[in-house]
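Both of the next two complexes hold chain A, though its partner changes from chain B to chain C.
What follows is the complex of A and B.
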């Protein structure tokens, strides 16, 4: 017995010793940052993780980028791309395990910004922006920096792009023309019915209303957490958080959706369909709902290969979700946070750098046709980057099809946006995380089938509401309300 | 000490063969055990790296485990996980042994190999692909089954929103995928049985059925017990792909498809609390460990030679 105990304690102390050694290894290197480094002669290395399908020529382009940045700010840049579907999960592991990195793409959808800021993954940037990021402050729409504050601090630099989000009904123009469908006067969900009916009756092989399992009818509320049923009405005065499923607007919308589903306007398996790509490729659809931005009709038509037109389904609202759509944070374990901020500043203000990162090397990947216009060369397929995720969009050169006033249209669109009442309020789920896990499960169970109209809300809505409450939604809502009231008092709303 | 060294030198060939496996276990099973500590912490990233993050995170006691037991779903997911796994173990055993015996009795070696390969193949398919196979049968408007129902003049069935069929579908799909692999293990054991036993039985006038019952099955008993004991240890782990991909994550089916692993995934994919997922994993291993010990103890009481340890 005694011997056994001794062995156990020996094993434990060995483990402890081992882990100490490891932590000592991981901890080193942070202090040794200064000492003549970070100049054009002796540039520091910045590691940049970003989202998108890894491109063949990334290293080649980054070598060119590094030549430019080494001279300007004394930093080399290495970019590591992680594919769309893997980004969230891989980044979570990389960050949690302390992998060296400096700049991280984050957004409300991929590698959640607010949650990771709170977990300590990102560095707080307030003083760094003041010191090294003046250009950012002058260039991008101030609503971006204001709206992306978490608990009063900035943890990332948002990309300057479309600011509000606006829902539209998109129409497949070929189908609409063929069956004489007029899109004037369409705005509400109910106004679609005659259109859907016409197509359903005349063309049985066309899906009148295309949607996947992420579809949610539009109601004039802003969600506290995306796709959880807690929301605040857009024209609220008392800032009360309500259960969206209990609002008259949502009840009516779900009844309409169920009517549409039963009438066969919606694909029978919408509630389990991951994406509508197949439908979009085949062109056998009449309408769907999407988020728009200026000139979106052009880019949709270009990518589908047939004309698509759209009419608004909602106002343009500036929400947390839209403000946090694409951002770059500095990792908490960055060795050179100042250099990283200088780089972000340059990326968001310098057209040469921004376009190099976006389109690659002039003469290899693209040719300039005018001062602010480019056209792709065949090699561009080896460096096809998602523009939205790489910093200030308004510095980008125009493509052959873009109108001259493209970025002015964005500015007009941004100015027309209306702030959501809870813009920049970010719920902290810390005290209710076990309830939230249960609530999330209930959401997964009921959400898609209710929202796509697959089930009858008369029977399923009460069931869903009851299960949500059993899982602790009321407690989560009470916690959110407390935080919102405190936030409201603090911000004099 | 001297005794130990003598032992090592006497068995060095065997020990050398064990080495790769032992090293693998050390790095991937024993070393990470220290990380179990995360289950009792609220994990927060620290600037100083992974180990510093673990040490600096706050202790939260049993809080991370609460979400597993807080709702009535706790009962549903535990029941589903256990019952499905029991069905998989029991039916899997019956069908695997049956297939192994049939394969071993086939006269043509060549045909036997072909059947074996055919049955083995599904094991290598990912659940995502199997999910699409199943979808091509069960799709509401394009599925094979609904079209066949249509030929007989019957109403199409909404397979992905009617829970009552799914216990059978899931068990069937799992058997289809797993039986081939397991039957190979039993087939190897059957081929290892001494042929002279069968010859003696034939001389005594035993027919095929009697040979199988009196020789093959009793000789398979130790391997059957070991395979079953190993499966029992994983009875609290559900095959995530089977329960998530095959029913296409359809909400209306959760009553019969939600298991511990899918519950944890759905609950934590938005908050990403590492502590809570570690807690769920720890809970599963502890229950699995206890069950293996108990099952092994029971086996030892009945037949000492068949037990694992």
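What follows is the complex of A and C.
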């Protein structure tokens, strides 16, 4: 008797929602549990769930980490890694069943932060940060803590990393050089046309504009929910939520995309293809759009094996999505929330601990070549961790290829970021959840083909707008507007 | 199927006309091809050269063949072999155990003189209609029984299956006459001797059917491993494939975030290697079919008819 995967996950989420309500009610009693424990002689055990492919040497490294943390804050650390794709589903079961845990990785893309904070999976951290997390407040960019508030409270500590989101046009430098393409002065979608045309005419086997079905033309709006057509203009003064499909910017962009598609600049299968990995491997593409961070060109070039350069396609904007990209929360049923916070504080301020967690044991997994530089040893393959998910990135030692001013570049980049008008406004969908599901279905039907330019917006855009409205988008927007107005009044915007 | 056992002149009474014979064979053939084709395609892709795949896409006859994917898998360490071992162990232990439990349970409730037969039948049927859901099941298995990160967490949850119990009960009731049990009694055999010497040999087709179902169930199970197994050394084959698959989806959903996709991408094998893993995961179970097939058709029909 097999059940469909969808049904299983639906069942999980419903049960999770239900039992979270229960566990949230019973969560208050545990806080006074740590009397006499939590010293270097008698350390408490912290359990830390994080995302990533489980690594062989995790336990080995954590034993070393524990030696250090036991001395510093009186806590041992056990790390449990759950693979990328399993994280969401498995964490829901683990949290709902009350499995013991203290620190939980959460983000907008894995074990959703806002949703689970509202359900009561995470402990509210406001006072804990004030008491045990002073270092965090001093170290990381204040916009992170400010922007990751849910309904006015902090439920997780964001990792200090690149703060704003900025879109860039990436160019395959080999192809660009071969056909004499200049990337100066490129910024808007329209400005790409001569480049695309050159390559299309001269090299028919190269895809001029690489994209997959998730591509959405950039327009200067911030989405209330990622990729649903409700958005607020970035330079808004009246905080009005609009249907992105009805904005002149999007209409123009879609018309341009359709023109590009008809001219063959875009691969015919763009609206259905899941990734551009094949194109990237073969190197037969001219340009695409991506999100950048400082020195991204270097890491792109390194991972593809050929030079990639980029020019900005948008301003650097600080959005909810960028702030909530990687965070660590304390579980609502944590036995030692104070210790957990002390640990998070240490992790975000202490380079020794942070680098041990990231690269493993010195001499086994890496060697230090200078004060702030490391070099991986062969054993590093048994402890290959995703740096972005493990706390303050700016404490990390540099790799052999990193420039000396790497973290300064990040700081400059972060300084340049502009707050989105709706930064830290988190829409609560509970009143319109059925409409939202219907809207999501309509989106599946129209979104990719419109955004990639596969269909003509003249005929399909009005159809899509009508279908969205039939599905209840207007009601969702009205609800969002009410919440936004309330939020605006509360925050004196 | 029409088989020509008699001379041409006299047509078999049960044979259909040649025209229909051809048509039916065609339809069955096309259908069979549609079932087999995707797997054949997977086999072809697994033997395709990775660089050709990137430039040409999937092709029926790739311009360059390669054994690279299989080489990669066998050289990439013991992960796959270990997963194989876990799957085989779980399947063997599980099939034997579940066959044993199901056979005994359904035998008991198939005997008319067993007083609590109604109670135990309903007890089993209830689990088909209602179940505790995932969270309570998880709490029982992982927290109450403490089976987390143990091979038994993969074996025990699937060992008992009410549906199979019902099939086998009906099978016993229809194919083994009560008189046989009585005759055994008269000759002085105890209950266990009756069961193992008389009932089991007579119900081999039914047992083989349930055995095949169990084998498939254990071989293809990935969900229990997702819930209960964290230890990388205990991950079964299908769960490993599922992890790769769901990690792929995760990357696609987060493709805008270069941090995540770069970090996750490094941990994934290439296209051809994934296909090769599918081939390696499927092959052994294909060999299980002929073994059971002797009994299979017979078993299904025999068990299906109620008295």
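Note that in this section the second predicted complex is superposed on the first by the 460 of 493 C-alpha atoms of A that agree within 3 Å, B and C clash if a C-alpha of one lies under 4 Å from a C-alpha of the other, contacts with A are read in each partner's own complex, and residues count from 1 in each chain.
As a working rule, a residue touches a chain if its C-beta (ideal position, glycine included) is under 8 Å from a C-beta of that chain, and two chains touch if they have at least 3 such contacts.
Everything numeric here is computed off the predicted structure, so don't read it as measured data.
Novice: Looking at the combined model built on chain A, do chain B and chain C fit side by side or clash?
Specialist: clash
Novice: Regarding the shared-chain residue A:282, is it in contact with chain B (first), chain C (second), both, or neither?
Specialist: Touch status of A:282: second partner only.
Novice: Output check: A:268 vs chain B and chain C. Expected answer is one of first, second, both, neither. What do you get?
Specialist: first
Novice: On the A-aligned overlay, A:444 touches which partner chain: chain B = first, chain C = second, or both, or neither?
Specialist: Once the two structures are laid over each other on A, A:444 reaches chain B alone.
Novice: Considering only touches as defined above, state whether A:179 meets chain B (first), chain C (second), both or neither.
Specialist: A:179 contacts neither chain B nor chain C.
Novice: By the touch definition at the top of the document, which applies to A:388: first (chain B), second (chain C), both, or neither?
Specialist: Second partner only.
Novice: Let me test your reading of the model: by the given contact rule, A:304 touches which partner, first (chain B), second (chain C), both or neither?
Specialist: Once the two structures are laid over each other on A, A:304 reaches no partner at all.
Novice: With the two complexes superposed on chain A, say which partner A:97 touches: chain B (first), chain C (second), both, or neither.
Specialist: Touch partners of A:97: chain B and chain C.
Novice: Taking the stated contact definition, name every residue in chain A that is touched by chain B in one complex and by chain C in the other, in rising order.
Specialist: Dual-contact residues (chain A): 15, 19, 96-98.
Novice: Considering only the defined contacts, which chain A positions touch chain C in the complex?
Specialist: For this pair, the touching residues of chain A are 1, 8, 11-12, 15-16, 19, 52-54, 56, 80, 82-87, 89-90, 93, 96-99, 109-110, 161, 212, 214, 274-275, 277-279, 281-282, 284, 290-293, 296, 299-300, 303, 325-326, 384, 386-389.
Novice: Can you list the chain A residues touching chain B in their complex?
Specialist: Touch residues, chain A against chain B: 15, 19-20, 22-23, 25-27, 30, 92, 95-98, 112, 115, 119-121, 225, 267-269, 271-272, 332-333, 429-430, 433-438, 440-441, 444-449, 454-455, 470-472.
Novice: Write out the stretch or stretches of chain B touching chain A in their complex.
Specialist: Those in contact with chain A are residues 34, 42-53, 55, 63-64, 66-67, 70-73, 139-141, 158, 160-161, 248-252, 254, 258, 263, 266-274, 276.
Novice: Hey, which residues of chain C end up touching chain A in the complex?
Specialist: 51, 53-55, 57, 128, 133-135, 138-139, 142-143, 161, 163, 223, 226-227, 230, 232, 243, 245-260, 262-267
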